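Two complexes, one shared chain (chain A), two partners (chain B, chain C).
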Partner chain A sequence: MSISQRQLALLLITPGLALVAALFLYPLSFSLISAFTGPKGGFSLDAFRKAWELYSGDILFTVVIVLVSCSLTGLAAIVIAGTLTLGENRLIVGTLKALYRWPLFIPFIVAAQCMRTFLAKNGLMNNSFVAMGLMEPLQAVSFLDWRGIIATFVWKQTPFVALLLAGALAAIDRATLEAGRNLGASRLRVLVELALPQVMPQLLVALVLSFVTMLSVLSVPMMVAGSQPTLLTVDMAFRINAYGDYATANALGVITYLLSAGAAIIYLKRGMAKEGAP
Partner chain B sequence: MRAGSQVMSGVGAAIEVRGLHVAYGGTKVLHGVDLDFAPGSFTALLGSSGCGKTTLLRALSGFVPVLSGSIAVGGKDVAGLPPEKRGMAMVFQSYALWPHMTVLQNIGYGLKLRGASKRDIAAKVCSLLAMLGLAGYEDRKVTAMSGGQRQRVALGRALAVDPGILLLDEPLSNLDAKIRLTMRHEIRAIQQRLGVTTIHVTHDREEAMTMADRLVIMNAGRIAQIGTPEEVYDRPNSAFVANFMGAENVLPVHVVTGAGRTTITAGEARHVLPRERDLALPAGEALAYFRDDAASLDAPDAEPGEDLVVPGRIAARSYPGGLYRYRVEAAGRQLTVDHTIRHEPGAAVGLRIPLSRLHIFPAAQASIQASIPA
Partner chain C sequence: MMHLGSALRTALAAFLLAAFAFVLIGPLANLALWSVAERWYTPYKLPVSYGTRYWEQVFRPTGDAMASLGTSVFIAVLTVAVALALSIPAGYALARLRLPARALFMVVFLLPQAFPSVAIYINVARVFYQLGINGTVLGVVLVHAAHGLVYSVWIAAAAFGAVDKDLELAARNIGASPLKTFVSVTLPLAAPGIVASGIFVFLESLDEFTGTFFVGVPQVRTLPLLLYNAAMGGNYQVASITALILLVPSVLFMLFIERFLRADVLAKVGA
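For the complex of A and B:
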């Protein structure tokens, strides 16, 4: 490529680069600096100290909720993708195929609202149980707490993970699965011992992406479980809206970044291992 | 080599297929197949793409549902059983090894499913690897092996469970020519040693002929002919089989029978068969099939003797090595003939074909056979 072409290429990507710089790099650096700046200016870890004092419980809560949600999402996605790949009942496979992607097209805030009406004490789920005679109205319990958050996250993220997983399963050599059945393995064993190990990288990538998505959702914890403890996103919004305390909010943001970075490292390591493989 | 099959047989199971119909979606692929497999026999299912040979194998193994008919293994109908309950081990065209497992884990998987101890699995895999010429490869990743080695591992994996029936689905088609020849002999030798009933699907004629005791030629979802390699090659029962087995030259002939003798006319050539040589040929219009190497070139007016000499003209010549290959125009057809002596294109020649090397079928039957898509 000659110099002029190089310059032309740079010119072409300039608008994109400028957008990234203005809308992402600038606010990011600004937040980072703000998180490490004391009330009187200069470098300080005060904001982090305060964030830890007030919200250490929420940090732990966030990590646990997101990890549990990821595990359950993975499990549900394996069941769905496994059924789609190895299922023999055409009706079940067809119905599942038609239905499972729907939550992908529903925004988190709408999903959260649906869960509120479904999981509340007098919500659709409890009402249905009562109507079916499975329990008394007095026994009805609200699930609008940590359980509600997990339910919403799993409901919303399962189709995404299942989509990637089903694609990966469809791409592996079908004969490797038939070989297992031919030797005497049941369909469950074929899925667990032969199919899943071949698509582990794709499953892990899908789960890492879900982990990062769940970390950044504000609407779900706010709408489904208003009380303490809650997720870090709610705490950040609260620091800013109630107190104008950007320093602590930014410190919480940095902590969220670090959590995501942990997941991102796994993602990148997987990517490199895959590229390095023969 | 074939004589040994009687000695070792006994481990293999017998299979009886009766009235097997199979369809994909709404399309019928097998139209009533009846076939017996003797214990310890090596049968090749041979046919061109889409003839139903792979479907038959997959129906036997349980991967394709059967529309109607029965598949009895050792007297027990298995047509309704899932693949894992049929006791047949299959070797796949793509090898289908599990890339996340080592050689030991791949070959030992069937034994693990059967609850064998780790020590037993290791011992069995070790002896199989020794038999397959892969001793010491236990801990190798299968992704780090060559095509030939992978195919051996796939064979080992199928044999590890001591199956009564071994199904081979074009196992050699992904290998390069040299390794393919070696593997043919190895698979055949192992089959003889173990006496396992083997069914081998292939579209490679030579592979089927050299490996199997018996060929089953399939065409459009039906069995066209069953027989030993010699029977099918030398005495094809239909125009399709003759053509499929390599008799690709077609010469239109006219056969007149009666008055104690048979006369064959091909273009300007005419041959009267003596009474004792009467071959029960179909009277009327017929098509004669013969192989490139069955005919030779002679003078146009040469004495026919026991042969049919059809006058023609050389249209083209090539040299594939060892002999010349001619395109000859004779009796209104383009025919391919191999001959050792060099002739110039355009020269008038006599195409000499021994009558015993001609496969003659009535024109009506031949054209019906030819119109069925292969």
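For the complex of A and C:
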């Protein structure tokens, strides 16, 4: 044999790595360099100063929206996965199981279009409330602002987090949960005190992935909430399309990297810990 | 008293479930209504007149939508071809061969999905512009393939990892070459997982908006871009019909994913 197994392995994996290097690592370094280079060349923080001056409100807005969306997604996923695991009413568990996964593979842009019509002032949600007599027609308001963004994110991401969480919950030892129930603990208490601590890592990973996803989505803030304030993804697209201002756009990009870096570190740490486990 | 309490709880649970169904199905129902609404304006709670006029407009052979559908499917097929050509060898190396720093390589394929992507695409578009491939199908296919590679590589590695090594050894023992063993034993056994990864990549490409928005415009108009333009232009019917077209493969995949991805393969994904 002319080449060793190790060389063959590297040879086989190189084309894939090359694509990631060319279309991810290279543009990533490009954005870092561009963000830290001044108008006359050389190291400078000018782009960050300008980004903060123009978009400090949107940076804060983005952090709050994404954190609130992740918290609500986590809460909804815990309720769904908890019901699927500990629910005793067959009919309810069965219906929930059949329903909750629907948005899983629906693209964000389709979810955005759904919400754009559903949450509008004259959308199906307000119309249904009026028809049920819960609300007067004049009370109807449009939810197509920050509330719409949060609603779309939670609607789209909850099935994903719930799916991973339900999988993790199904894998834990039923005996502890049964023991807790037999000792008279309520199902809520069993879920919160016995089941959830055991699946925290999986919940965390799913939420970290959702966090990064929400920081990447461009269609939802553009389509669901038109006006200011808006998410950083829209600001970046605007800096490029309206001004060709790469420095400020890349500075905003670096800020989104930093926001997700904290989250990504948690993810990678967990990945490495799993790799080290026997 | 106890009886009343349990009845109350069941009623409460049923109410919550109904509210959940409303939140989940409502937006989709609104989309479906818009696709068949010929006229719908305030203060009417439901469309004023129904019809398939916009469906005919969208599905007219010469219409924008059919051209966009063609472009989207063409790009998605090419993306799958590129992704599989790269991920079958990479997945085999990760699953079967002794590879130094294996964990690091696994993470490298995850990176494009683990970073906020808008800032990356801005710079990809800049590089592509210099290379003269901005606004071309090739550029869009490369971006989609890089993004989908984590699925195809991780699932391919899991699929190869789940193939019984004894079968490969048996083939080698009766005189098959390593290449022959791979083509006639390992690859066919891993095929269901690889098909699943191909479907994943196909859907990712079909649904992809952000990358195409920066790299493909204005020449490459995929379905998501058509949907975006129609929605921003206020044409809710065309936007809703386009959204429904994109919805069909996504929902079908959600319903059938377990047929393609067997549990033993699924358990190995990312490991």
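The definition used in the following text is that the second predicted complex is superposed on the first by the 265 of 278 C-alpha atoms of A that agree within 3 Å, B and C clash if a C-alpha of one lies under 4 Å from a C-alpha of the other, contacts with A are read in each partner's own complex, and residues count from 1 in each chain.
As a working rule, a residue touches a chain if its C-beta (ideal position, glycine included) is under 8 Å from a C-beta of that chain, and two chains touch if they have at least 3 such contacts.
Here the structure is a predicted model, which is why all the values come from computation and not from measurement.
S.K.: Looking at the combined model built on chain A, do chain B and chain C fit side by side or clash?
M.R.: Once both complexes are aligned on chain A, chain B and chain C fit side by side.
S.K.: Give one of first, second, both or neither to describe whether A:Y26 is in contact with chain B, with chain C, with both, or with none.
M.R.: second
S.K.: Quick check on the superposed pair: does A:F118 touch chain B, chain C, both, or neither? Answer first, second, both or neither.
M.R.: second
S.K.: Quick check on the superposed pair: does A:F143 touch chain B, chain C, both, or neither? Answer first, second, both or neither.
M.R.: neither
S.K.: Is chain A touched at more residues by chain B or by chain C?
M.R.: C
S.K.: Which partner chains sit in contact with A:S186 here, chain B, chain C, both or neither? Use first/second/both/neither.
M.R.: So A:S186 only meets chain B here.
S.K.: Put simply, what angle do chain B and chain C open at chain A, by C-alpha centres, to the nearest 10°?
M.R.: Taking the centre of chain A as apex, the angle works out to 90 degrees.
S.K.: Could you grab the smallest C-alpha gap between chain B and chain C in the overlay, to the nearest Å?
M.R.: Minimum over all C-alpha pairs: 10 Å.
S.K.: Show me the residue ranges of chain C that touch chain A in the complex, using the header's touch definition.
M.R.: On the chain C side, the touching residues are 10, 13-14, 17, 20-31, 33-34, 42-43, 45-46, 82, 85-87, 89-90, 92-94, 97-100, 103, 105-109, 111-127, 142-143, 145-146, 149, 153, 203, 207, 209-210, 213-214, 224, 227-228, 231-232, 236, 239-240, 243, 246-247, 250-251, 253-254, 270-271.
S.K.: Which residues, counting only chain A, touch chain B once they are in their complex?
M.R.: The touching residues are 173, 175-176, 178-186, 189, 193-194, 197-198, 200, 278.
S.K.: Spell out the part of chain B that touches chain A in their complex, as residue ranges.
M.R.: 61-63, 82-85, 88-90, 92-94, 96-100, 109-110, 113-114, 143-144, 154, 157-158, 161
S.K.: Using the touch rule from the top, collect the residues of chain A that touch chain C in their complex.
M.R.: Interface residues on the chain A side: 5-6, 8-10, 12-13, 15-17, 19-20, 22-28, 30-31, 34, 89, 92, 95-96, 99-118, 122-125, 127-128, 130-131, 137, 155, 209, 212, 215-219, 222-223, 232-233, 236-237, 240, 246, 249-250, 252-254, 256-257, 259-260, 264, 267-268, 271-272, 274-275.
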